[in-house]
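Heads up, the next two complexes both have subunit A, just with different partners, subunit B and then subunit C.
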Partner chain A sequence: GPLSERRLMDVRLGELPAWLATCDLSPQGLLGGVQKAWSSYYDKYINVKRGGPAGISMLLAGYCLLSYGWNYQHISKISFLASV
Partner chain B sequence: MNLSFFDQFTSPCLLGIPLILLSMLFPPLLLPTPGNRWITNRLSTLQLWFFHLITKQLMIPMNKTGHKWALMLTSLMVLLITINLLGLLPYTFTPTTQLSMNMALAFPLWLATLLTGLRHQPSISLGHLLPEGTPTLLIPALILIETTSLLIRPLALGVRLTANLTAGHLLIQLISTATTALLPIMPAVSILTTSILLLLTILEVAVAMIQAYVFVLLLSLYLQENI
Partner chain C sequence: VLHTTRPLHTTQQCSAPLPPLPEKGGEVRYGLIPEEFFQFLYPKTGVTGPYMLGTGLLLYLLSKEIYVVNHETVAAACILTVIIYGVKKYGSDVAAFADKLNEEKVAKALAVKNEAIKDLETAIEQEKKEQWRVEGRSYLFDAKRNNIAMLLETNYRERLLTVYNEVKKRLDYQVAMQNLKRQKEQDHMIQWVEKNVVQSITPQQQKESIAKCILDLKALSKSAQAAV
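Coming up: the complex of A and B.
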């Protein structure tokens, strides 16, 4: 279909700048995008008939990775031998 | 740069932008709002069961007027328990280790219970300052003591939560540093410290839940005295 109506996963790599130009980058638009991403994740992995620990565990693992990224600058400056 | 053991408690910051608001907003994202369905997914069912358990526990000893506080106390309990438990994951930041946040939670809520009591039943609230059956000579001293213990309640609430969580995190960091430092030198002692670390982690999970519960329980007790 037309470029503006396709989801991110269906857009090819070469078309990415064009796709970014068509999407709504205002605060409401970004918030709507985040909301859409969260509800598609929720409906796919958590809001299922016989869910298990996997849905939430992926979220928590992503949170750990994100925190690692936030702290990387600080952690990388630590030399292990100096801490002993 | 030397590793300081208190570096884990610095407020997270990315390119100069403080991230503490994000780390405080993340726990509620893990609690989905139940939809319109009668039978929801397993996470929502578990969550609902847990909220009912907390609300019943807190509201059974309270009279009818105290039930207006149900939403406040239950949501406070859920917030504290999720923040504390999330802080046990590696590399995460625990907002409740900051004294500022705990005082900001404890002081207004304690003040609200105190003012509610003074506004609606001033004699009874002031009467709590003198326990029954005290000898006449001790009355002035005891009133001073009770007033001090009343005024120190918000400080105790905030500092208790901060101190428990900070101490736990520090201990985990210290013992794991010891384990990794001893591993090339004395592997046997390293295994001992690993077992200590495992026990400590279990303790920390328990402490995380218990401290949240104690905070809210004490607040509900202060409310019961005054409402």
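Coming up: the complex of A and C.
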């Protein structure tokens, strides 16, 4: 179908800039996008009858990676004395 | 936590209830990586592709010191061990407990629904009974009509009797009046005749009549004695 209505997974690599241009980047649009993403994740992994550890473990892992990325500058400057 | 999970009222109005919750969540391998990733790489790299990717990525991060091995790594390893041990050992028990809670909630809701259905059914039966009762209306009205007719009849007859009694009383009065008048006239006339007769008997006539009576009596007594 037309470019603007396809989801991210169905967009080919070469069309990515064009697809980014069509999407709604205002605050409401971004908020809507975030809401949709969270609701699809919630429906798939958490809001089920018999879920497992997968739902929150993926969230925690993502949080770990994100906080590692934020603190990378500080972590990479290991002082010499501590490593001995 | 946002609860706008299921978009309601976006499609046409359909009266079926909400679709039930899915039984199991999306498939996740090793608790961290969704199954879709493995399926995504399967056509190009086969089964071992994602594992090779993971190993290569890990070695690259370690060797280039993008992932720094320090005290935090040890701490993370210990925490992960404890968590995985706990989940493996007590996971099923916690799941059973949560399932029981869910069951109770669903059972309560079902009980409420069944109660409501039962109450409505009894209401329907009572309504039908009332409708059946309505058919007896005609008998009720017939009985009432009969009652009223009887009342009217008795009332009419009572009044008729009253009229008859009143008329009889007036007629009796008239008759009594006439009788009284005649009697009084008779009495008065007799008295008047007796008075006049007594007045007209002079003393001489009285003596003559007494002598005649004595003679008659003697004659009679003689004839009577002769008869005996």
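Observations on the model:
Everything below uses one rule, namely that the second predicted complex is superposed on the first by the 78 of 84 C-alpha atoms of A that agree within 3 Å, B and C clash if a C-alpha of one lies under 4 Å from a C-alpha of the other, contacts with A are read in each partner's own complex, and residues count from 1 in each chain.
What we mean here is this: a contact is a pair of C-beta atoms (placed from the backbone, for glycine too) under 8 Å apart; a residue touches a chain by one contact, two chains touch by 3 or more.
A quick note: this is a predicted structure, and the numbers were derived from the prediction, not measured.
In the overlay built on the shared chain, the residue A:L59 is in contact with subunit B alone; subunit C does not reach it.
After overlaying the two complexes on the shared chain, residue contacts for A:S67 are found with subunit B alone; subunit C is out of touch.
By the document's definition of touching, both partners, subunit B and subunit C, reach A:I78.
In the superposition on chain A, contact is made by A:V48 with both subunit B and subunit C. Subunit A residues in contact with subunit B (one complex) as well as with subunit C (other complex) are 38, 42, 46-52, 55, 68, 78, 82-83. Residue ranges of subunit A in contact with subunit B, taken from their complex: 38, 42, 46-52, 55-56, 59-60, 63-64, 67-68, 70-71, 74, 77-79, 82-84. Those residues of subunit C whose C-beta lies close enough to touch subunit A in the complex are 1-2, 4-6, 21-26, 28, 31-32, 34, 65, 67-68, 70, 72, 87, 91, 95, 99, 102.
On the side of subunit B, the complex with subunit A involves touching residues 1-3, 7, 10, 12-14, 19, 23, 26, 29-30, 32, 40-43, 86, 89-93, 177, 181.
Residues of subunit A that touch subunit C in their complex: 35, 38-39, 42-55, 57-58, 61, 68, 75-76, 78, 82-83.
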